[in-house]
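I've put the structures underneath this note.
What follows is a pair of complexes built around subunit A, which joins subunit B in one and subunit C in the other.
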Partner chain A sequence: MRETREAGEVRETGGTGATGEKEDKRQDVILSVKDLSTSFFLREGEVKAVDGVSFSIRKGECLALVGESGSGKTVTALSMLRLVVWPPGKIKSGQVALDGASIFDLPMKKMKSVRGKGMAMILQEPMSSLNPSQTIGRQIQEAVEINQGITGEAAKRKAIEMLGVVRIPSPEKRYYNYPHELSGGMKQRIMIAIALSCRPQLLIADEPTCSLDVTIQAQILRLMQQLRKDIDTTILFITSDLGIVAEMADRVAIMYAGQLIEICDVFTLFERPSHPYSKGIMGSIMAMKDGGRLNIIAGDPPDLMALPAGCKFHPRCEHCQEICRKEEPGYSDLLGDGSHWVRCHFPLNKAGAL
Partner chain B sequence: MGMGKYILQRLAFTILVVIGISILVFVLTHVVGNPVDIMLPLQATMEQRELLTQQLGLDKPMLEQLRIFLGEAVRLDFGLSWWQRRPCMEVIFDDLPLTAFLIFLASALSVVVAIPLGILAAYRRGSIIDRLLTVFSLSGICLPPFWIGLMLMLVFSVKLGWLPTSGTGTWKHLVLPAVAIAFRPMGHLAQIVRFEMIQQLNALYVITARAKGVDEIVLLFRHALKNIMTSSITMIGNDYAKQLGGLSASVEVVFGFPGFGRLISDTIENMDFPLLQAEVFFVAIIVCLINLLVDILYAAFDPRIRY
Partner chain C sequence: MTATETTAKTLLSVRQLKKYFPIGGGMLKKAKSNVHAVDDVTLDVYAGQTLGLVGESGCGKTTMGRLALKLLPKTSGEVFFQGKDIYQYSGEQEKEFRTKAQLIFQDSFSSFDNRDKIGSIIGEPLVVHNVCRGSELDDRVGELLRTVGLKPELAAEFPHTLAAGQKQCVGIARAIALKPDFIVCDEPISALDVSVRAMVLNLLKDLQSSQQLTYMFISHDIRVVRWLSSHIAVMYVGKLVEYGETEEIFAHRLHPYTEALLCAVPIENPRDRHIKREILLGEVPSPVDPPPGCRFAARCKLATERCSKEDPPLLERRPGHWVSCFEDFEGESEIS
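Let's turn to the complex of A and B:
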């Protein structure tokens, strides 16, 4: 059933028009996000952390969600799980469908059936993302008990098994450790073990390596790649590291100032990015490779409290024209087959030429 | 260091504290005034006064008096109460156990009420419920306990006739005083629990727990509650000790309850040095033991604390 989902069924949940990525024509869409907007209402005003984001993920795929910090990646993920806390955060509009079933229509009490089994999340701060007063084994076991329908000794054995899966040495002993007795890298493995114990349809990894040192980063990435091969999960990988994108992702979605500005497969992005911002961030690594000076994007990251009119990127864009200052661009389907969407009035490389 | 060694060390420390406090109280009582003036009628002659001073041992040098006092205190012998004319130990143990139990009841009540209310307020912070609970807990802290006691008495004894107004003897006599005493610790604890719970609910581990599908009730009571227990038990222990140290006196007076708080204030009024010293001695021991218990409980609730 899940594998043969018709594109037409997905269309029914969406239909958002100009700002939405049009329906993914391909099959096996496991998650679709349509026109998602989440804001934080602070004393100083509204912060549009996520503004009309649409994308979809196919089964077995790894989609990287890329953007600088503050671009709305994490809030997008938290909104998908409806974990944005009010006050001050609120999901203003949008549709999220997991396996065809709309999540935002569920009563909040039913959300616990989506969290875990449906979508599990690895948070970016392993240091503070575990409960300090519970053993790590207990915390994994809880995920097993809730989501795999087994309890007691069997669940405990499963939790110990999961410790082994994420390569924790002597798992039987480590089961009884508390988070403060573990290193950062080990805690991140525990986070992964918890998320995997949920057996999720979609695994959301929110910068799982960002607070770790480089060697540990490599270990965690290798582990995640291995696990991806072994259990064939669908992953939404949130990161700001393009090196990780190249290693992990099938497709990439780039966010800027709360908006999704370009989405395409990873090769296309690296070879011929279409949005000037994407080209800018790609340029920064390309230049490094050639031994040249680091190309940086002029200007500062946007102030979410005072976003410009028109295209959010226009103050920093070297191709900026009159229309960019006035009118917000909609999505355009570059190749006409739904594989490459860009939100720009004047996309680069339109003809596919470099 | 092992737990056993830690406890022994703390008990040794307790002895030092008790000795220190005993000396302090001894010195303070002996400089505040002359008990002989209070014990004898105004028209007593000089001879009578000197005789009594001699009988009480107040004519001896202060250091000598202190030495005698400490020597007897070690044997838990505080001599006769000047005011009640019977052994201090007897006077204290007439009142202390029942009062300790009364305040324990009040503490238990405050815990049972304040923890769920504090959690609810934190969970629904900013809501009407939260504001009502804040008003409730702040009134508990601000309203004088004797007034609360009088109001309770008015409603439940005078109007409804469910519970006795004063005295002691049955469990019914304990209900209203316990409730009246409970209001202040309840207010303190509810505020602490609310504040700490808000901190916990902002912690990332809460997102982790929710993201794996944990039920909200389980999240609050199995995950977050344990993390706020260290500050809560600090407050509970502190309030218990304060009440037992004499704060419960006004409520005891209102309900005609022969309590320890009332005994302390009467003792001070009568300048009954031996009895006062004995009272302070026991309060000090109890406070130290409560602190020790609180510290031991820290380790039970927070795995990062080890002795």
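Let's turn to the complex of A and C:
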């Protein structure tokens, strides 16, 4: 049963023809996702959770994957780890290559070596991802033993060292604590310690601070910034908070209704977003300071069961034209150097106009 | 804090209000310990304005909101609404108070009966208080839906058909149905997505000016509080640590916790990354029988021996600006 559940994917070659960063020829690309589509097949119909998503991450970079709830951020990450469960989820098409090696071509049994050592994930809710019946030290040690090939006393020492790395005070004592004895912020540090113990090539952080208080969130973000400097981690940071993007990201990929609609470096996004949706969400935080009316994006968030034809954003877009209702836009390379891709028929220019 | 404000009328005044939740006790047993949810809070809410109540989880802001609406019994202290103590109300007065003061919840969906149609959810307060019925009720419900920016036809739908933002709008429509004076908004936008948040916030601001509403706006996000509020009250583990007019507080952060809270908010632009910000260490202490002295002392860099022995009183250090801190602190970070 387990085999069939895990093997929830059928690959079609060719895909839909939507290509984001067409060929990333840069040498230091650690992960490339090409034309990834994942759907959930429900009684009511197909839900296209991820629809033709392509991006790549360079070594040492922090790419923020941004979008509102239901935009497909988490499913993208789960698909990269082949953790989409059939039924009802299915990876329909696409390629994911980690350090040049295609992940979808591996037999399911080999995925164990990818999850953890290749890509490790920090989940949203540390409370529900830690084992309540095991000490936190033991849980870190397990990750150390599996991924670093050391056992016994040496592994325990390593686990205690990891507690120190994530700035947990008196790690020797904390090793023997159970998860319920720790606060939410501490538990999230344990999750980071476990993920880093795998020595992953790519660290996926899925809204790691969303259930934490602001001062604790600031601590965790600061910790992740320090760790990036110290051990040169590559991070895919999933978030819906543009403030966190401003703090953490080198580049940003914005998702809407399962599609990646804009990808560029963080300064470009904050200074001259090209997709009307990107501009909309940027506008809604920018006006906060001066107390004026907030910019809003008209209309409701998309219903994934009943997506419109043409551009998925057109019912809410103030620049919508005839072609937007009929034809789905492809990606355009705004600067011609592959640094800024946008999926829009009429990308906005520097002044924010058409 | 009475002498400082002369222009605006006080709608609600809270005086030395305390709320302790006993734990470990039984019917015949004395409680072993107490959660000091709200501990000696004094503040004013001015008519037609917004008081933003800000703090981290467990600081007592929600309890404060409920006490202001008499939804919880108090331990001690007073809450005056239009000059009268709401905890001394007669039955008749209390009934009238229920029409004048309302609550907007964080998750409005779970506060609705999802087997009721939206029309009857919004119309319920009107029926309960015998305001109107029949076709008059339907008209009023349609009008309320239009006021919050929804189509009147939605009255015949069930709540599960609505998007999250629309549900919050229905919650707001229900809250304003009885034309109240005072609304406590308990984290009304924290469960919403960015693009919908702005819509709900704009709506709250519009309603305030069109219906002369007074808000107590509870939020953990100091940036949102700043946008909406004329006054800010910062709470920490049941205590009021700083209180005053919004721009005054942002210009002069006189309590180290307020400064820390501001520094903890993620920046708004990646170009601000160079700005040096002190990150507050440690965690919020337990509100169960807290030790004497300043609650913030354990995390405070300025803490002296006195801070862990004596409770700092709330003092007016600048005109209309109240702070409870022994030290002569003023926040200096460039964040504003």
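Please note the rule applied: the second predicted complex is superposed on the first by the 326 of 354 C-alpha atoms of A that agree within 3 Å, B and C clash if a C-alpha of one lies under 4 Å from a C-alpha of the other, contacts with A are read in each partner's own complex, and residues count from 1 in each chain.
One rule holds for everything that comes next: a contact is a pair of C-beta atoms (placed from the backbone, for glycine too) under 8 Å apart; a residue touches a chain by one contact, two chains touch by 3 or more.
In this text the structure is predicted, and so the values were computed from the model without any measurement.
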Superposition on subunit A - do subunit B and subunit C clash or fit: fit
Partner chain in contact with A:195 - subunit B first, subunit C second, else both or neither: first
Partner chain(s) touched by A:81 [first = subunit B, second = subunit C, both, neither]: first
First (subunit B), second (subunit C), both or neither touched by A:129: first
Which of subunit B and subunit C A:247 touches, first, second, both or neither: second
Subunit B versus subunit C as contact partner of A:180, first or second or both or neither: first
Touched partner set for A:120, first subunit B, second subunit C, both or neither: first
Subunit B versus subunit C as contact partner of A:222, first or second or both or neither: second
Subunit B versus subunit C as contact partner of A:270, first or second or both or neither: second
Closest approach of subunit C to subunit B (Cα atoms, Å): 15
Footprint overlap on subunit A, where subunit B in one structure and subunit C in the other make contact: none
Residues of subunit C touching subunit A in the complex: 56-57, 163-166, 193-199, 201-202, 205, 220-224, 226-227, 260-261, 263-273, 277, 279-281, 283-284
Footprint of subunit C on subunit A - complex, ascending: 68-69, 183, 185-186, 213-219, 221-222, 240-247, 249, 266-267, 270, 280-281, 284-286, 288-289, 291, 293-297, 300-301
Subunit A - residues contacting subunit B, complex: 78, 81, 83, 85, 87, 112-117, 119-121, 123, 125, 128-135, 139, 142-143, 146-147, 178, 180, 191, 194-195, 197-198
Subunit B - residues contacting subunit A, complex: 126, 201-205, 207-216, 223, 226-227, 301-304
